[in-house]
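Each of the two complexes below includes chain A, the first together with chain B, the second together with chain C.
Now for the complex of A and B:
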């Protein structure tokens, strides 16, 4: 009973589409004869978009309400989400993730701007100075992590060599509970700081020269120039850099893999690594899915905020 | 030399930049040394001895421990095969969204937007399950599948196509050219810059990709360089074959470093565009 009218509707609308196409051909208008062709052009993208972006979002939300019971996956409502607030390991994971996100934004903005200011002082051979910072952006994170694994190595690493040379006690770096997460963060920063600096560099180069010249003539200090002229003028870039650094920090996993595999004792376990560990190592699909959904929610909120912000800027400009 | 105050103002930023640069350069140099100087000498002897004992032994070892040549080939097939497919999908989709009228355009636009908000790395779990059902695990098409539709590329091309003057399109259409011919002969020749920008971002991103290939590849014939290097790292940690690891790292990164040295300017602007992603 129910399916018959639906089929009819579909047929009818398809028919209408065909009628439209024919009509526009008779009008000899190039623009309007494109309907059917447009779908053909979009089809390859839409198929893969549906299977590998849209379907997984639906599927992971569905899985997040289920959990393994014996061999079966059964519906457990919000149980997986409740665990996010009670499980001490998840608490640790969320804490580590929060550290990465907040420290990431702070260093991306302050470090990125500082590096950009230094690169923007009109030195000759700036390409030469810029190269190391560009190189780390392009290097695979796995290779970067391998390099740093060597630097942090307790027995043959550069850092302990330096400490020994200075007569200081050696450190365990990645194997110590206290230092492991900051040590990991340094690696992330080393790879990504140049990327954030690039955006500030572009913003600085777009600053109105006459404003800066006038400020110089007024004899204000470097700090005043930075605080009252440059900082307000680059605020759109600051907003943008903050956003992409949060998105980036949430997705960090490669160097965790190579350097610590989340240890010692979960001291460096964070968002995406936890998803991997639960999903692919312990086969707790429900827990991994719930964490994925949380990440999705955060990322989508961030993206929407960014769109709203850009929209507003476009109107004012 | 001149006034002290002025000296200070001019010298400090240069010193600061040099310090920054040093922090970035030292790990790279240490890796080079580790690959070319035997580990015992690197730790116990002076730089003068290092220069005398430069050798390529670590590279030979690394080359033998891991099939890097095969990994290179795999990465090439994955990265450039994917790029070829992407250039087709983003050109077609970008063209449709930029120059054609059809029903449901806004809705389709929104679907692409979703991908811009949700990075593929977040969806590893459900995508792995899909791949298992399709029996695409440990295949090249499995490696490429989540990236074949690219919202970033599609929007980039849409933007570029929108700027092409309408007269060019109409002239070609009135000569009886099909849409595909218009796209190929009129639009693509004038949008080489965005195509190149997309290519640089795509190649760098997938050359460096680790997690997804790690999860879905299991054989030497498919496994890309990054995963191969991580396997070598895991074994080096145990056996402390640091020189091999350093050599392996250099083998993996050399093409990328050469690439950015050659196209530094283009690389910079391309990557800034990718920030929108």
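Now for the complex of A and C:
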């Protein structure tokens, strides 16, 4: 098996997969007209959706109004939400989460597109260059974080060895207040950038060749090509990538566990880790549920926005 | 008539089947669910599973099913969830400091009746420091099992290298500073070996507070007592910070608990404070002579707090199962058994008889480091925070220590704010604080 063409195929089918998703929405009206039969076919998925998605949502909303008293969970109305917003560390948690989300979107879109442009060059053996960037997607985050933990170690780690070799002052990385969050973010980005680039790569390969060739005949500069042709044409991908990068950044928890457990002094504590600690370390299920409900509201808003936007795109096509 | 006799025969058959199967099930062994965590490095789960296999082989009427439930936090979360859903395990190893939470949930039972039953346990044989976290309201709720206390580990080769006596670890804070300064190795501006590392962690800090004369919680049975902002508590944290910035024997910044053994093994620091539970893995991994000593004493002399997990028997499982759970616990804490566990794990065997019984007796003679923690128990006290909202107060204390280690706050600022936040939690948990 030749490695380069295989990778190419994978990305092609990824790209097509996305197009199919958008088309299926337009098929909805057809499904409606066939009524009952359709629901029978949908039943298996509906059951799973109800049991594993809808019911937990209802249940988390329910428990967000309750708190533990002795062994019982009792109704406390909005007290959990009140506690959440008076918790002195919640501001730090939200600030850290916001940093992750905004930096995450920025790097995913700009970094992802630039990386995809590089990986889309018609070089011989391009697969060789693509592989390391895309391989990180397949690695489990816990292994990645464990490796980075050694790299960041202030006394026996590679990074400080390099700084020392260059005669530069050493850094405390994850153990210092200023660099802990950015250092954590670098790990996340290192792992996920290839994933975002993958979507852009698919989009770039689906670009109409004639438009680009016509533009080249007109003597367009690289910057103009990027700004006025590629950027607008990949805009559905940009929207998609920014959505999944927001979701991804909000969902980060495993490397926090391995690298910092939220420290030092909450410098790297983020929303999901906060939920975990409240729920399973302190057993404040109510507070954890309230935070989950808020996260859920944000995520659902994002999802609805994307749904509406994508549907509009399909009509404009 | 014939129809009736058929019915009659059927009824007889059904009843006899019920009787037979009922009789059979009465002879079935009781199966106990046993939750246990592993809190330190090493193949401890294998050791525990091995003991259970031996117990099951020697008991026809009781079969124990060991369930490894992750670290202490995950283990407690699973036990709590199981208690609240009405399907608790039968017996579990949980943190000794979880006692108040468990009693508050009515999740565990007091064990005094068992201790004085016809399957008795000599509870006075267990070390006082460990029992202090196992009793409340005059009753015993937990039987010490994987109990620890922090000790000083030091690199004897490094001591020899700088001209210190390798058999004399620092005994006071002043000596800690003095020895530490001698042990630091610099290469230009870069420190290639630090003198000492104490983790930015509540359990480590609590020892220094005790040495300065302030136990951070109640030494007795008061779950509402937290003393983070007293002059002695502040003095202890100020001392730790001075090791980083004034004396420069300890690296600046956060020092996570789990990274200390790696630094020590790599020779990046000459002394660390760590759990005695790390002894077995350090003995196996360090490429130099390993020394152990008491934690250096402060103005109030030697001092340490204890830690680790106890056996608990769950409520609401029925007397029969509770009896069986007691038989299991009593078998596990036999002197020779818990002594073997001490050797396998590095935890301090929590009862005096174990140290007078084989195999621990010979092991202690062979590996003198194993006895350091035991003798330090004379100066050891109840673990902090054995309070309402214990895990949260531990975390708040830890955050204060981290804020000081990273230079974000002064010890006063950090500890005063930690005290205020702890008070809020205590009041919320039903404490009445006079103030």
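Operating definition for what follows: the second predicted complex is superposed on the first by the 261 of 317 C-alpha atoms of A that agree within 3 Å, B and C clash if a C-alpha of one lies under 4 Å from a C-alpha of the other, contacts with A are read in each partner's own complex, and residues count from 1 in each chain.
Simple rule for what comes next: contacts are C-beta pairs under 8 Å (C-beta built on N, C-alpha and C of every residue); 3 or more make two chains touch, one makes a residue touch a chain.
As the structure is a prediction and not an experimental result, all values here were calculated from the model.
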First, second, both or neither for A:123, with chain B first and chain C second: first
Larger contact residue set on chain A - chain B or chain C: B
First, second, both or neither for A:153, with chain B first and chain C second: both
Which superposed partner A:71 touches (first chain B, second chain C, both, neither): second
Contacts of A:205 with chain B and chain C, given as first, second, both or neither: neither
Which superposed partner A:266 touches (first chain B, second chain C, both, neither): second
Touched partner set for A:280, first chain B, second chain C, both or neither: both
Chain B versus chain C as contact partner of A:44, first or second or both or neither: first
Common interface residues of chain A - those touching chain B in one complex and chain C in the other: 153, 155-156, 279-280
Of chain C, residues touching chain A in the complex: 73-74, 77, 80, 83-84, 101, 104-107, 189-190, 194, 200, 251-256, 259, 262-263, 266, 268-269, 389, 391-392, 395, 398-400, 402-403, 405-408, 417, 421
Residue numbers on chain B that touch chain A, as the complex places them: 9, 13-14, 16-17, 20-21, 23-28, 30-31, 34, 39, 42-43, 88-90, 92-93, 95-97, 99-103, 105, 108, 111-112, 114-130, 145-146, 148-151, 154, 169-170, 173-174, 179, 204, 207-211, 214-215, 225-227, 229-230, 233, 237, 240, 242, 245-246, 248-249, 252-253, 256-257, 259-261, 264, 267-268, 271-272, 275
Of chain A, residues touching chain B in the complex: 17, 30-32, 34-35, 37-39, 41-42, 44-57, 59-60, 63, 115, 117-119, 121, 123, 127, 129-143, 145-151, 153, 155-156, 158, 161, 190, 194-195, 198-199, 202, 222, 240, 244, 247, 251, 253-254, 257-258, 272, 275-276, 279-280, 285, 288-289, 292, 295-296, 299-300, 303-304
Chain A residues touching chain C - in the complex, by the definition given at the top: 68, 70-71, 73, 88-89, 153-156, 164, 169-170, 172, 174-177, 180, 260-261, 263-267, 277, 279-283
